[in-house]
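There are two complexes below, and they share chain A, which is joined by chain B in the first and by chain C in the second.
On to the complex of A and B.
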């Protein structure tokens, strides 16, 4: 399988201004040196807590906000800072579904306008009749009724609005879609519907997703690969089984154990690791391991710079202790 | 203390919002009990009436259009719906306290943490400032806030979400209330912080012995916190059962759907089970059982009338026509 998306050493810093002449005081390192690849047709789940930079990653990849440093290779081409015609072309191939279907749809546009906007801008249609047909087809696919095409977003419920967002994103026949907390704002019974719709569309159109979410059970369901972020860095990355069955980083372990147990079996098997303290801010973070301040196993060595290292078959982790443990295990075998 | 003794009893509560041209039945004939020392979970989706029914207990529903159209809420045998504002004030914050969802909006940004915590003590317990401060420090220690003395002089904006929620919990506990209403206390928090707060609340529950109503939309949180669960949908109670019973043998089709629409760790199917349709809005609630348009077992009867509640010997209560016609055996 070929890589559709390859991100190399991506950095996104936001300057913090202040003082009398508003000079730059420092930087919020929202995304700090991140590298990952997504293979065509797979789903990469990006998890982490609020403020860890997961949404910034999604937005930077799409060029919605310029990257500070690093390469973003889409189908082998570097698209960081693409402009003009090239940007236009990329915009067709890459789309995003936002979290909040209440604020991401223009309240003054009808559903028809919302869905057709991208196709018209990309000159993908052949006359009014063709456009109408394509919009109808998309609406049906996404579980909406074509009769509702002339309504406005406020006339729909949250779940239906998210269906509109999805139809709008899929209108330009993209290859890569970023789902930024696409189901977080929805009720539980509606979440399942939207997840299934995303899966249906993926199979039908051969899509690749970057699925950003803080909800581990949903990520576990939809993803093939998972990356865990903490304070702007990826601390662990691997296949779904590697991350959920054998989490190596203490943060991943704590995160997994923090999700409330659901069935009796889960409750029995689970031992909760409680983390001390709160998520620190990404404003001038420490040089070494960023998790060290909350880590139950922290040692003085953790203050040194950490590297993301491979444990086995693509299971990457940024933790000295996990790496040492893996080495010891390897020696024993 | 008798475990089975009922502390709060809500009977046929009807909380409506009356506009010029329509009546929105937010809570429609809801009944449930809270026993002493127990944690009752209320679970449901947005607009199901879970918060409104609990805020009705202290008449805290903030809308000029609200009408308490019927039913009674008995707190230790006294009907709070009939109480005057003065009598209610004696309950609020003293006998019954509330932990709100959004700790940033629930705390006043213009007062220090200490001022806000001491308010209840000064009013209800008539403590002096010095004694009140000592008590505040004691409770801030209980909720594991580092440097509690300094915390008293800080303003809410300078605290993180988790810390604010800890302050809210300390505030709710400080008067030793008999009942705590926790309205989605962890929804706005991150998972690792949520785990800290749930752990803290579980620990404090054992110490204080207060009863608690825990409102949430998250089934996982409910299964960790509650002894008994009330499932609400469209302003009605669908099912009441002990937590373990509910998760193993849910009876109401809505509860079943809700439980199955969450992917669990050992689920390896290709698609999630789905409840079709949308959550009904208040102004076009279906007649009869509010769930029937989405229910796989719906029959003609379901669209005509809301089913009577069926009570089983183990206390499992369910309102569904499917069980009204079935034989006695569960």
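On to the complex of A and C.
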């Protein structure tokens, strides 16, 4: 399988301005040197607590905010800072579904206009009849009633609005879709419907998703691979099974322990790891392991710079202790 | 599922919906009717009553109370007040609407640039606006008129300049709040051109506050101009203008209060009707209120 998306050493710093003549005082390191790849047709779940830079990753990949540094390879081509023709082409192939279906749909546009906007901008239709037919088809596909096409977004419920967002994102027939917390704002019952819609669409259109979420159970359901972010860095990455069954990073372990247990067996075996302290500010993050300040296993050597290292095929972790443990295990065998 | 074919509503249909909604708003309809009457007076002033009646002095008919031959009475020079109010509507309305349009265009353009492109240009413009805002509007207009001489043209310049900062601020703040919305990101994500984003997303969403500001500005422009004329810095007698008429009428306040009443009512009514129409228009354009 080919890599559809390859991100190499991506950085996104936001300048903090202040003072009388508004000069740059420093940078918020929202995304600090992250790399990952997504294979065609697969779903990468990106998890982490709020403020860790998940959404920034999604927006930077799409070029909605320029990257500070690093490469974004889409189908083998570097698209960081692409302009003009190239950008136009990429933006047809890459789309985004936003978190909040209330602010992501223009309140002054009808559903018809919202869905057709992308196709018009990309000149993918000839004539009004063709456009009408395509909008019709998309609405049906996404579980909307075409006779409601002339309504405005505020006349729909949250779940229906998210269906509109999805129809809009799929209108240009993209290959890669960023779902930025696409179901977080919805009720649990609606979440299931939308997740199923996303999954159906993926199978039907052969889509690749970058699925950004803070909800572990949803990520577990939809993803093939999972990357865990903490304070602008990816601290652990691997297949779904590797992350959920053998979490190596203490942060991942703590995250998983926070998810509710359902079966008796789960409840019996579950050990809740409570983290001390707060998320450090990304304005001036710790030099070594960023998690060290809250880590129950922290040692002095954790203050040194850490690297993302492979434990076993594809399972990467940025933690000294986990790496040492894996080495010991390897020696024993 | 049965497929029903989606048809896009045509522009005319949408305008029809807006009009239907506007009609439901009684206050706005009253405002529109009153405004219509004023505009009718302004356009057909010469047909209704000849201009000569508004300026010919007739000492025999000085300060007559309203009667059959002079509906609104006559002023201190025996000029027919009805003719003067009717012909005054031309000056006053065109002054209010004209200056508002000009300052809306200039202020809106500068404000939009500030909101969209920001940074240094924005800071400089905002500080300039602060400076202009520190000077009381009427005083500034006075200074302009005093420097350039009192004429209709200079009056126009003066009131336009003082209302520009208001428009810059309104347009800038509205646009700043819109460009950070996710639907703008969504539009950019499918590579809609800047033109499309500005005309289809930003402008329609920015319309509400701007319409209200503009309609209030027409009224306040008329009042400012009337105020300037009142102290003799604007339109010069014998040209009929509501402000000038008020100003001369105050000397005869006890003897002939109707001299004060008619132009005063005209100013108040036209200002009120404009505000009502503005409010109604803002509501009618808001899709959240469409059934």
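One rule holds in what follows: the second predicted complex is superposed on the first by the 329 of 333 C-alpha atoms of A that agree within 3 Å, B and C clash if a C-alpha of one lies under 4 Å from a C-alpha of the other, contacts with A are read in each partner's own complex, and residues count from 1 in each chain.
Definition applied: a residue touches a chain if its C-beta (ideal position, glycine included) is under 8 Å from a C-beta of that chain, and two chains touch if they have at least 3 such contacts.
None of the values given here were measured: they were computed from a predicted structure.
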Item to complete: Assess the superposed three-chain arrangement around chain A: do chain B and chain C clash, or do they fit?
Response: fit
Worksheet item: Just chain B (first), just chain C (second), both, or neither: which does A:126 touch?
Response: neither
Worksheet item: Where does A:301 make contact in the superposed view: on chain B (first), on chain C (second), on both, or on neither?
Response: neither
Item to complete: Taking the C-alpha centre of chain A as the vertex, compute the angle to the C-alpha centres of chain B and chain C, in steps of 10 degrees.
Response: 80
Worksheet item: Which of the two partners, first being chain B and second being chain C, lies in contact with A:310: first, second, both, or neither?
Response: neither
Item to complete: Pick one for A:140: touches chain B only (first), chain C only (second), both, or neither.
Response: second
Practice prompt. Mind working out whether A:216 is in touch with chain B, chain C, both or neither, as first, second, both or neither?
Written response: first
Discussion item. Which partner chains sit in contact with A:168 here, chain B, chain C, both or neither? Use first/second/both/neither.
Written reply: second
Practice prompt. Once the structures are superposed on A, label A:64 by its partner contacts, choosing first (chain B), second (chain C), both or neither.
Written response: second
Discussion item. For A:105 in the superposed arrangement: first (chain B), second (chain C), both or neither?
Written reply: second
Response to the item:
Shortest distance over all C-alpha pairs of chain B and chain C after overlay on A, integer Å, is 15
Fill in: Common interface residues of chain A - those touching chain B in one complex and chain C in the other
none
Worksheet item: Considering the complex alone, what residue numbers of chain B touch chain A?
Response: 45-46, 160-163, 190-196, 198-199, 217-221, 223-224, 244, 247-248, 257-258, 261-267, 270-276, 278-279, 281, 294
Practice prompt. Note which residues of chain C are touching chain A in the complex, please.
Written response: 1, 3-9, 123, 181-183, 185-193, 196, 200-201, 204-205, 287-288, 290
Worksheet item: For chain A, which residues count as touching chain B in their complex?
Response: 49-50, 157, 159-160, 187-193, 195-196, 199, 214, 216-218, 220-221, 244, 254-255, 257-267, 272, 274-275, 278-279
Discussion item. If we count contacts the way the header does, which residues on chain A are in touch with chain C in the complex?
Written reply: 22, 59, 62, 64, 87-88, 91-92, 94-96, 98-100, 103-110, 112-113, 116-118, 121-122, 128, 131-133, 135-136, 139-140, 145-147, 149-150, 152, 154, 165, 168, 171-172
